[in-house]
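Structures given as structure tokens follow.
Two complexes follow with subunit A in common, the first pairing it with subunit B and the second with subunit C.
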Partner chain A sequence: MHMNVHLAGTALSDRDIKEGKVLYTEWKPRAMYAWDAGTAISRFLEGLRNGIILGTECVKCRRVMLPPRIFCELCYRPTEKWVKLKDRGRVRTFCFTRVRCDASRVEEPFFPMVVELDGGKGGTGLFHVVKGMDVSEMTVGLRVKALWKPPEERIGAITDIENFIPE
Partner chain B sequence: MSLINKVSKSRDLKVWEGEFPVQYLYTCGIAGEVFFREIKDNGKLKGLRCHQCGKVYVPPSIYCEECFNRLDEWVDVGNQGHLYSFTQSHLDRVGKRREEPALLGAVNMDHTEGVLIHRLGEVEFSELKIGMRMEVVFKKPSERKGSILDISHFKPLE
Partner chain C sequence: MNRVAVVGAGMTKFVRRAMETPKELAYEAVKMALDSCQLTIKDVGCVVAGSAVDCFDGVHMKGEYLSDGSGGSRKPFMRHSVGGGTGVFSCIHGWMHVASGLFDICVVVAEEKMSSCQPHPQGAFLTVYDNTIERPLGLNLLWIVAQEMHHYMKTNGYSSEDVALVSVKNKGNALNHPAAMLGAKLTVEDVVNSEIISWPVHRLDISATSDGAAAIVLASESLAYRITDKPVWIEGVGYNLDTWYWTSRDLAYPIYVEKAARMAYEMAGIKEPQKEVHIAEPYDPFNFKELQNMEALLLADRGKAVQLTADGVTSREGNMPVCPSGGLLGVGNPISAAAVMKICEIFWQLRGEAGERQVPGNPKCGLAQAWGDMMQCGTVVILRK
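Showing the complex of A and B:
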């Protein structure tokens, strides 16, 4: 059914604004935030700054959680144990992308992926990025290792690991 | 360390700080465009009149709130009105204490609907009274930019 709807409004272009054809007010509010990392993630991030990847283990179900959590949501109890994981492991799942998060195109495709790090108990996945691979070479199960930033550049962030590369 | 231990050192807790890149550009709209151009170019206040109920809106509205008519009849509303409400503000908009408290008021222009909220000047707080006669003071033509700040302030009518 064709509906004859009159849409009210006045179309404006960037040019109308730039050439001062219409009056306007503009503002850049400073929208700052501080996200409380909590006890577990704080220690995890501090670990990254020192080049260590820390997870937590539930002593009941023996699961290792990464990023660490302060409670096991399966057993519903606090996690007591800290576990040091290796900075290498196997690709559990991946995709590849040719655009950055602002949708601009990259020269070389990269692979957002989940890596199962050695020293975990299975099902322990860290979300990160693999770079330096051809799309045809990438497979689930591929051995990868972390490429760390130099210690003086680390700030206690997930980006202290630049990316993962084939082992 | 068990995770249920008390955290005693604040450096053990991290906060992740960031800033959202936000900005906006807000156009004055159909009525605002005429209203502010008139202030900027001619130093005059204008309102929109409803042909049915006769109400004049200042600040202008392109619809009559009573009759729902589309309005396009611009009328001069003069420079005078009365003080509808007022206050004084000791803090600025980031919460910093001002050296001198700012006087702010809502002024209803004569024979119109609505109020203009603006600074009050050439007057002491103790002299202000609801209902007192007020007059608009424009900035010099060279300083006007087509904004509400082209009005410098309102002052009591002599």
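Showing the complex of A and C:
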């Protein structure tokens, strides 16, 4: 396909929109859902409300899984064992982000990360964020611990852990 | 299984925001693909359409919506989706329909219109993550992929300058692609000095949201030579999904891409991929992904993809051109359509019809690959002339 081929597809600019050169319609959906947390996550969230992080273990492949599930998806068998993990561990990987979920920019960048909590095995990783430290101090392998909300403010949600901080 | 050939290809321009509707984009790509092999919709036995996610277009049950523009009215029609892996899976899905003997001619089209979602499609993308324990943290796709990029770079000892080589190459290649929206002559310094969005991801490490469509026409062996004297055969297909739980995966090495590649190599009878694959279009929505995918596709030894790139092996004039189209980094990234664009590129390259982008050396075997779903899916197609 040469450069001189004619292709369909008409690029619009912001100006075309602002100056009303093209027509469009708009819709702002307001979709409401209430998700039942299910067997495994309900117990996990109950644990968080009590300041405990719970995973499930597959006795065949010996993985301790976070988030916990009632079945090991790799062995495809039930995970019969619940394991209490420490609320601290080492950073496996992280990024230093300046964007929110809608791509808008944040004022104070922070570190989304995967933490390997003490007591895990076989690749146990929890996704959360590290805040309150300088970019020069953050490294893979850094020891971090959970910063819990006060017990009376916990509702049984992943946000019962405000974020992680250096140990 | 019957042999299946690609006999026609077509696409629209890839643009930031298209005036055309998704149906219209699909129509234009299919029309061009059918015209390219002098077929009409009456000749077509079945139609398959790929689109990554419904939330960008804002039309739920998008397959049904797209069916008219795809040429599927009053025909056997199926939609498929494996997220970002959809485009290459589109070719596999079409291949299934013809290889099975059920149909002789199948039109395959992929379309994505990301601009409809305001102010940015990332907002709607939030709906793909774990609803109970990830979404409350307000994550962005970049939070996850940037962590994967960091883990990959750290494991292999790659720097920002190393991975930037891919952006320079692909955006440069795209200057010769008539559908491209991101073609540019850049230096490594331009890339590493561009805005840090989610370190280690810079603005120029990543593709942009786009609108567009791309299509191919597949034919059975009995009809292929009647349609064209230059059929391009689908010799191997592979697809594989890792666990959905991304924190349980090895983020440095996508084993599911290797499994998909091995499935396709076995079908194609390829024993030594680095010698037998002449050109490749691995998935490159981020520059590091091209490198990581080359390693998982066994086209580069582990930890050696940067060296191949630095040595020019993967340039358009190199021994194994990689993303001669310009890739997603250069042509653009209307998700599913971007990977069908890769199939189109291999088709044109193997037929010697790639124009200003034509690689030297009369390549006979090409590979296209995509990556997607919850960053867990590998799809691979091997084409030969």
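Rule of thumb we're sticking to: the second predicted complex is superposed on the first by the 127 of 167 C-alpha atoms of A that agree within 3 Å, B and C clash if a C-alpha of one lies under 4 Å from a C-alpha of the other, contacts with A are read in each partner's own complex, and residues count from 1 in each chain.
The criterion applied here is as follows: a contact is a pair of C-beta atoms (placed from the backbone, for glycine too) under 8 Å apart; a residue touches a chain by one contact, two chains touch by 3 or more.
Note that this is a predicted model, so its numbers are computed, not measured.
Engineer: Taking the superposition on A as described, I'd like to know which of subunit B and subunit C A:22 touches: first, second, both or neither.
Structural biologist: Once the two structures are laid over each other on A, A:22 reaches both partners.
Engineer: Return first, second, both or neither, reflecting whether A:112 touches subunit B, subunit C, both chains, or no partner chain.
Structural biologist: second
Engineer: Specify the partner with more touching residues on subunit A, choosing between subunit B and subunit C.
Structural biologist: After superposing on chain A, more of subunit A is contacted by C.
Engineer: Is A:10 contacted by the first partner subunit B, the second partner subunit C, both or neither?
Structural biologist: A:10 sits against subunit B and subunit C alike.
Engineer: In the overlaid three-chain picture, which partner chain does A:56 touch, first (subunit B) or second (subunit C), both, or neither?
Structural biologist: It touches subunit B, and subunit C stays clear.
Engineer: Look at A:158 in the shared chain and tell me whether it touches subunit B only, subunit C only, both, or neither; answer first, second, both or neither.
Structural biologist: The answer is second: A:158 touches subunit C but not subunit B.
Engineer: Once the structures are superposed on A, label A:41 by its partner contacts, choosing first (subunit B), second (subunit C), both or neither.
Structural biologist: Both partners, subunit B and subunit C.
Engineer: Which positions of subunit A sit in both the subunit B and the subunit C interface?
Structural biologist: In subunit A, positions 10, 12, 22, 26-27, 29, 33, 35, 37-38, 41, 45, 157 sit in both the subunit B and subunit C interfaces.
Engineer: List the residues on subunit B that touch subunit A in their complex, please.
Structural biologist: 1-4, 7, 12-20, 22-28, 30, 32-33, 36-37, 146-147
Engineer: Can you list the residues on subunit C that touch subunit A in the complex?
Structural biologist: Touching subunit A from subunit C are residues 11-20, 25, 28-29, 32, 58, 118-120, 122-123, 125-126, 130-134, 136-140, 142-144, 146-151, 154, 176-179, 181, 196-201, 211-212, 243-251, 344, 348, 353-357.
Engineer: Spell out the part of subunit A that touches subunit B in their complex, as residue ranges.
Structural biologist: 10, 12, 17, 22-43, 45-46, 56, 70-71, 78-80, 82, 156-157
Engineer: Any idea which subunit A residues touch subunit C in the complex?
Structural biologist: 1-5, 7-13, 22, 26-27, 29, 33, 35, 37-38, 41, 44-45, 63, 65-67, 69, 73-74, 92-104, 112-114, 123-129, 135, 140, 157-159
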